[in-house]
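Next up is a structure, given as C-alpha cells.
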C-alpha cells in the first residue's frame, strides 16, 4: 500500500467546535477511517460527494492546511507531517491545488498576475528575465491573451478568466499531484469542458489529479477512477465506467438515477417519495458507527445501524455494503 | 489615479467629506499667517485687544467677545488646536489598535484573550470621568500628553473591529493559496491581510479623531486641561463663563460649535463613503 | 393558448461608475397560461435580472430605461407601487435565488409563513394558518413542519417551504429563480418535480430560471435561451433539444455533461461584459458560423415556424 503516490491510511478527522456553553462541546466527525491510494502512474481520481460529505476536508488534509485526528497520510511513502516539517518547500512544490472559488482566491488588493509571479519567486522556477516569457507561455496555453490579463485587478476579469489563470499557475509550477477542489462548479457550462480537458493534458505531462466534485457528470467525463464519499465514509470505488454503468452501493444508484438527463424524451418516470423521518436534517452523525447511509437506505438491515460493512471486491469495484456479503 | 477619481465620482458623500475636512485642515494650517495679518502679529488670545462685544463687521466678521478678542481669529486658533489634538490622539489610538489587534489576531490564544479583556474593559468602564480625574491630577499636561491620555481611552473600539476583520480575512481562500505557495505567517499577515483592511483602519482613525475631539471639548467645558492650549472647547468655555449667552451674543458660542459639527460631519461622511465604496456587497457594482 | 404575461422590449440597466451595465437589453416574450417556461443561459446573461425587472423588485442602482410588461391587460411597470404590491404573491409570486437561506433561523416556520400571508391580505390568523397548511400539503410536506425552525430542516426542505410560501395565496404565475442550485441531486429532483406539480395539479403557470439545461429538459414546456441580455431562441423543449437552431444553443447543449455521452464540447471564448456588449450579434465573437453581417448588424428575434423564434442571420433574422 505504501508504493502509491499518495496514500490515506485509516484517516479520521474530528472537528471540535468551540462555542456556546455545553452545546459548544459538539464534535463533528468529518472523516472516518478513510483509506485510498493514488497510483504512481499519472491518473485522474474523482472524489464524488454531496456538500458536507468530507471531500473538502480531504483536500485540506493533503495540503497540510489541517491535520488528521488519527491515521496517516503518506506522500511517496513518507508521512505528510514529516514532509511539512523537514522539506516543506519541496512538498508544496509537488502538491498543488485549484480552489473552487475563482473570485475569493485572489487577493483583491493586488493585480492578478501576482499569483504567477509569486509562484515563480517562491519556488525559484526561473530568473526574472525568463519569468516573463514563462508567464506569457503559461497564459497562452490556457487560452488567454496575456495582454488582456497582465496588470488587471481581479474584479476586472470574469470567473472563467480567473480560473484559467489558476490553471496557468499549475502549468508554471508543474506539480506532481494536483488537488482540484470543485474547480468548475462556479464556471458556466460552456467553459467546463474546456477547463476539464486541461486536467487531461496535465495527465500527459505526468501530473496526477484528485478531482473533487459533487457532480457525477463531470467526474464521468474526466476521471479514470471514481470514489463515492458520503458523510465522511467512502462507500464505493472503482474504474469510472464500471461505477457509472453498474453502480453497486444503493447510494451510488440513488445518485445516478437522480441526475436529470438533458433529453426531454428521457424524463424521470419515478418520483422521489419523501419520508417524514428524512425531513429532519440528519444529525447525530458524530456517533454513528454503522453505515452513514443507514437512515436513507431502502435496503437497510439491522446490522447496518451499528456496523460499518467491510470492503467487498466485486470485479473491478470495491463497495462497502452488507448487500454484497 | 483614474481609479481614485472614479471612486470620488461614484460616492458624493466621500467627496463632500474629503473636501470639507481638507478645507478645515487648510484653515488650521494657514491660521498663523491669517492671524498674523489680521492682528498685526499679536496673539489671538491676548486680552483687551479690541473693545468687547463689537458686532460683526468687515474688520471683525464674527465680532469680538467678552475679553475684547476677535472671534474669527480665536476660532481659527481653536480649530487648529482641536484638530491637532484630534489627529494626534486619533493617530496614536489607531496605531495602538492596529498593533494590538494584529498581535491578537496573529498570536491568538492567551495573548488574544488578554488584549480582548483590556479592550472590553476600556469599552465598558465609563472612561470620561476617569479621563477627567487623570487630567486633574497630572501636574503639567502638554498637548502630546493630553493626546496620549485621550488615545489610551479610544483605541479599544477600532481594535475590536480590526481584529474581527483579520479573523474574517484569515479564512479567505487567497490566504490558503498564499500558504500553499510558501508564504510565511508574517508575510501573510503583512502582505495579504493588512492591505485589505486599510479602509477599516481609516474608519477606525476617523472615529478616534471624532471621539477624542469630543472628549477634549468636554474636558474643556468643565474647565479641565491645559489653559495654554486654546482649543475650540476652551473657547466655548470662555464664552459660557463670561456670560456671553446671557447677553444674547449667540454667534460667539454657536460658531465654535458649528466648526466642531462640521468636523464631525465631514469625518462621518468619509466613513459612510468608504463603506459605500469598499463594502463587499456593493463591490461588484462599484468595481473598485 | 392564452397569453397571461407579455414582456415588450424590456430593458433593465444597472448604474455603475463605469457606465450602464445593460443586463437586460431589449427582451420581448410571451408567457402562456398554464405552461412551464424555462429561461436558460449562463451567468451574467440577464436571466435573473429579467425576472426582477418584470416583478419590479429591483433596487437601485438598477433601473428600467424602457419596456412594457402586460399582465391581464394591466401595464405593470406603470402601476402605482401600492397596486403592484397587491399583485405580488396573490397573482405573481416569486421564489428568489437562494431563498432557502432567506428564512429567519430563529423564528418558527409557522410564524414566518403566516406573517407573510397576513401582510398581503386582510384575513384572520386562523384563515392564514389554513392557507399555510394547504400550501404545505400541496408541495407534499406534512403539517408538522409548521412547528419547526428552519435550522431543523435541510436546505432542500427549506427550499420547499419557500415554494409552499409562494403558492399560499393561490397565484397565477410562480417565478422560480435557480430553484435547485446548491442542492444535492436527490433534493434537486424532488424540488423540480414539485415545481412540475404546481402546473400539473394546480394549473399554476411556472417561469423557471436555471442555468442547467438538464433541469429544463425535465419539466419545461418551452425554453427561452438568453445570451448577453437578449433572447436568442425560443421554442418548445422538444424542438430545442432535438433540433437546436442558434449556434449558441447548439454549443450550450453540446457542453451539457451527461452520463449518457462522453464527448463534451465547450464554447470557445469568454462571456462578454454587460458594460460593453459586442457589436452586431452579441454572440459573434464566439460563434463558429460567423459571417460578415454578424459583426455589423444585430439580428432580430424572428418567428420561423409556429412557436419557434430565433435571432440569427443563418435563418433570416434581418
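Order as written gives the chain letters A, B and C; numbering starts at 1 within each chain.
Keep this in mind: contacts are C-beta pairs under 8 Å (C-beta built on N, C-alpha and C of every residue); 3 or more make two chains touch, one makes a residue touch a chain.
Keep in mind it's a predicted model, so treat the numbers as computed, not measured.
Counting hops only between chains that touch, chain B reaches chain C in a minimum of 1. Per-pair tallies of C-beta contacts place A-C first.
The chain with its Cα centre farthest from the Cα centre of chain A is B. The centroid of the Cα atoms in chain A and the matching centroid in chain B are 50 Å apart. In this assembly, the C-alpha centroid of chain A lies 31 Å from the C-alpha centroid of chain C.
Residues of chain B found to touch two or more other chains are 287-288.
Counting partner chains per residue, chain A shows two or more touched chains at no residue at all.
Chain B makes touch with chain C in their complex at residues 6-7, 9-10, 285-288. Residue ranges on chain C touching chain A, taken from their complex, read 42-44, 140-142, 144-145, 151-154, 157, 182, 184-186, 188-190, 192-193, 211-215, 217-219, 237-238, 241, 251-253, 255-260, 262, 264-268, 270-271, 273. Within the complex formed with chain B, the residues of chain A that make contact are 63, 65, 88-89, 92, 95-97, 99-101, 104-110, 115, 118-119, 122-123, 155-156.
In the complex of the two chains, the chain B residues touching chain A come out as 172-174, 176-183, 192, 195-196, 283-284, 287-288. By the touch rule above, chain A contacts chain C in their complex via residues 50-51, 143, 158-161, 188-197, 214-218, 220-221, 244, 254-256, 258-268, 271-272, 274, 276, 279-282.
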